[in-house]
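So that you can tell them apart, the chains are marked A, B and C in the order they are listed, and the count of residues begins at 1 in each.
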Amino acid sequence: MTSNELYSGDREFRPRLTLRRQLGALFGILSTIAIVVGLTTLAVLITDVVRDGWHVISWDFLTSYPSRRPEQAGILSALVGTTYILVLVAVIAFPLGVAAALYLEEFAPKNRLTALIEINISNLAAVPSIVYGLLGLGVFVRTFMLGRSLIAGALTLSLLVLPIIIVASREALRAIPPSIREAGLALGASPWQTVRHFVLPAAFPGILTGTILALARAIGETAPLITIGALTYVAFLPGSIFDPFTVLPIQIFNWVSRPQPAFHERAAGGIIVLLVVLLCFNAAAIFLRARLQRKIRF
Amino acid sequence: MPEWALTGYNPRAGSNSLLAGGLVVAARCDVSSESSVAPPLTAENRRQQLEQILTASRRQDRIRQGRETTILAILFLAALVSIATTIGIIYTLSIETFHFFQRVSIIEFLTDTQWTPLFADKHFGIWPLLVGTLIVSTIAMLVSLPLGLLAAIGLSEYAPPRLARIVKPVLEILAGVPTVVYGYFALLFVTPLLQRFIPQLEVFNALSAGLVMGFMILPLVASLSEDAMRAVPMSLREGAYALGATRLEVVWRVVVPSSLSGIVAAFILAVSRAVGETMIVAIAMGQVPRLTFNPLVAMQAMTSYIVQVSLGDTPHGTLEYQTIFAVGATLFVITMTLNLLSYRFLKRFREVYE
Amino acid sequence: MTAPTTEQRYIVEPSEPRALRIERLSVWYGQHQAIRDVTFTIPARRITAIIGPSGCGKSTLIRALNRMHELTPEARVEGAVWWENVNLYAPSTDPVWVRRHIGMIFQKPNPFPKSIFENVAFGLRINGYRGDIATRVEEALHKAALWDEVKDKLQQNALTLSGGQQQRLCIARAIALEPQILLMDEPCSALDPVATMRIEDLMRDLARTYTIVIVTHNMQQASRVSHYTAFMLAGEDRTGELVEYAPTRELFLRPRDRRTEDYITGRIG
């Protein structure tokens, strides 16, 4: 039916159906362009980095220290530093985050203090990472006198990712239906026992996934660690948690900041390693969640 | 918050129901173990047995209660860490900023148009850094807000659900790439590319940094806007379709206006994210604090100044050390204000739809 | 209950002029067939009710009359719906045009979060009304028996109205476009009895000008307001069929199909 003047009532209207349809189609195209542009940028970014740095990747690259000569520069100290930081952050932030999430989700009464804590966590999630660096500098490096050490960096990053772990864990806990808790209580378990033996195991996949994603975020953080004084030229491995250190993103930053193109290539190589590590983390998170969810069904 | 957690735990009721028959669960539940033993059943034995169980379990329960109270206290302390963090941030920033303003007048800070704390001729006007942050954030917003909103509309209203389910996580990857990688991309790919079209573009400039930052923030805008739009109930859309509206009209005249508070909250949050971003500007924008509105030249943002100073060796207590806290405090105040504003809008949005 | 065979259906052809002619209409959602081979005629300027137990496909049927089911992905239709010599499902028929002329009122009142005035004006604006919008809005509100209650607060947000008022607002919004046919999908089920009564009175008024088709799970309502009633039922395959269609009095007093009688007397559904 192309004619739309079927009734006298219709002459009062100017429906312009074709025009409206065309506008709609145009808008659909615009939206698609927006999405495609976003995806293309991602593709271009990755292609460019890989193209620049692919030839740099070698066993030597992974096992050498940085050097004044780009051909000999490697990311060993950065890789080791990243690993140490990661382990430390996991050890510190995971129990703290899960504990806080458990409290807020299962045991906290609905009062002003709880609301205050929750507002705080939302706020902290939106604080720029460099402010966390300043916090770390003032509190951990100076006041606690830990110096520009691994432990200071780990504590700073732990505070940074804590809100992520808390929020992800709370989501995981919230996904458990109330009937599980009711079942536990009906069987005579105390609230804590119910949580410890019924709820927590069921929420564990979600909590673990959230933690892995938080750690992935921590790996890529540069600004807070620079602020607390992580060095950019580290030709040694940290011996203890009180030693200075560097991490992969900072090493990349150092190389990018140099004028010689050879160092830029090294930076690209470092980026590839970083992205591979991140990919592994995200894949692990997805894989673990799928695996554990199959075991624990409700 | 389920009410049962607010009621006290009654140990007597617990033990009786275990006696009644939750043996398997009791083993899993780490509760009193004497219920698994079955003594001979005479009247006297029975009475003694019950007495023993009730008093013994009362004692056991008290121990357990004590332990659990400790556990809950630990959990509570863990939750308090977040408040401690906020207090820590406010305290650290305030005290060093206070020291700073003892040596530099706040008037100079707010009115001088030069920022040269590291040079011999020291000026402490925040404006060059503020404007640098402003310029790069504005460029980032010009990219991410329209593209992000368009992408959100495309994903939530136009795309078939299966396609959206694949595209959305891929778009999220943009947000997961470390910002140092974006800095590399801005300096070594985008700038040379733009220089072919804009020959006067400097090696370090705000335009490349802003563009790249915009793409980094795009998924944030898209994701939050889409959440807002998805909260608009289908019944509203159906009502509009039933009046002879096209899909575009349903989106623009019903869905977007109905989710406007949520979308505005998303936008404000994106701005906050741009203002606080460090590595892209540190790598690609320059280290020269310069008060200019020309995005084609090098300038410095607040965040990259902090990085610049941190890379050097600044002893505690020096004026240079205190400047990074003063700048950090300014940054914190700006982002906090934006976050609170965003939260206000989000609350207004949630009031309607939850 | 087994699916009915064709010879068992009792479908009456109304004597009044035709509004809609539905021919062998079948709707699928993905693999599942929701309704099968529905064929009957809806008379003009009368109220036709569609009744049946839940899951019988009556909502699907009414939504298929103005192509609203297309909003669900994977919806597929076979058959035809004729309106004034136009097949609504012909490939050249624009669904936007169809919906503009065949309005719909939903189960839960769904006013836009805009002012009362803008709600009623919405359809007029998007369809390019050339006359004075304010006059038309007032007329529509009068016809929906809502004008007196809202005339002083036209700029107020529509969501401040009560449920019954919101539903009447939705009716005003729909009739502002002067649709030929008004479809109502359980319009009173979310309302209290007083509001229901007012809507039923309104329906009787509106039936003098518009053709009304109403889906209802409330048999008493169907017998109160409608002139013709269609009874639908789904078999074990959960595919709905039209079992009987007759003038309301006949269907309720002398149902010809055994299943209709069972439903009316409460033995099924």
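Structural remarks
The working rule: a contact is a pair of C-beta atoms (placed from the backbone, for glycine too) under 8 Å apart; a residue touches a chain by one contact, two chains touch by 3 or more.
The structure presented is a predicted model; accordingly, all values stated were derived computationally and were not measured.
Note on connectivity: the fewest chain-to-chain touch steps from chain A to chain C number 1.
Taking the mean of all protein C-alpha atoms as the reference point, the chain centroid lying nearest to it belongs to B.
Averaging Cα atoms per chain gives one point for each, and the point farthest from that of chain C is the centre of A.
In this assembly, the C-alpha centroid of chain A lies 51 Å from the C-alpha centroid of chain C. The distance from the centre of chain B to the centre of chain C, each centre being the mean of the chain's C-alpha atoms, comes to 47 Å.
Centre-to-centre separation between chain A and chain B, using Cα means, comes to 11 Å. The set of chain A residues that touch two or more partner chains comprises 15, 20-21. Shown for chain B are the residues that touch two or more other chains, namely 244, 246, 249.
In chain C, the residues touching two or more other chains are 96-97, 100-101, 126-127.
Put simply, chain A touches chain B in their complex at residues 15, 20-21, 23-24, 27-28, 30-35, 37-39, 41-42, 44-45, 48-49, 52, 95-97, 99-100, 102-104, 106-110, 116-117, 120-124, 126-135, 137-139, 142, 159, 162-163, 166, 178, 181-182, 184-193, 197, 216-217, 219-223, 226-229, 232, 249, 252-253, 256-257, 264, 267-268, 271, 274-275, 278, 282. By the touch rule above, chain C contacts chain A in their complex via residues 84, 86, 90, 92-94, 96-97, 100-101, 126-131, 178, 180.
Those residues of chain B that touch chain A in the complex are listed here as 1-2, 4-6, 9, 13-15, 17-18, 22, 25-26, 28-31, 64-65, 68, 71-72, 74-76, 78-83, 85-86, 88-89, 91-93, 95-96, 146-148, 150-151, 153-155, 158, 167, 170-171, 173-174, 176-185, 187-189, 215, 218-219, 222, 244, 246-249, 251, 269, 272-273, 275-279, 282-283, 303, 306-307, 310-311, 316, 324-325, 328, 331-332, 335-336, 339, 343. Those residues of chain A that touch chain C in the shared complex are 1-2, 4, 6-7, 9, 12-17, 20-21. Residues of chain B touching chain C in their complex: 160-161, 233-246, 249, 253-254, 257-258, 352.
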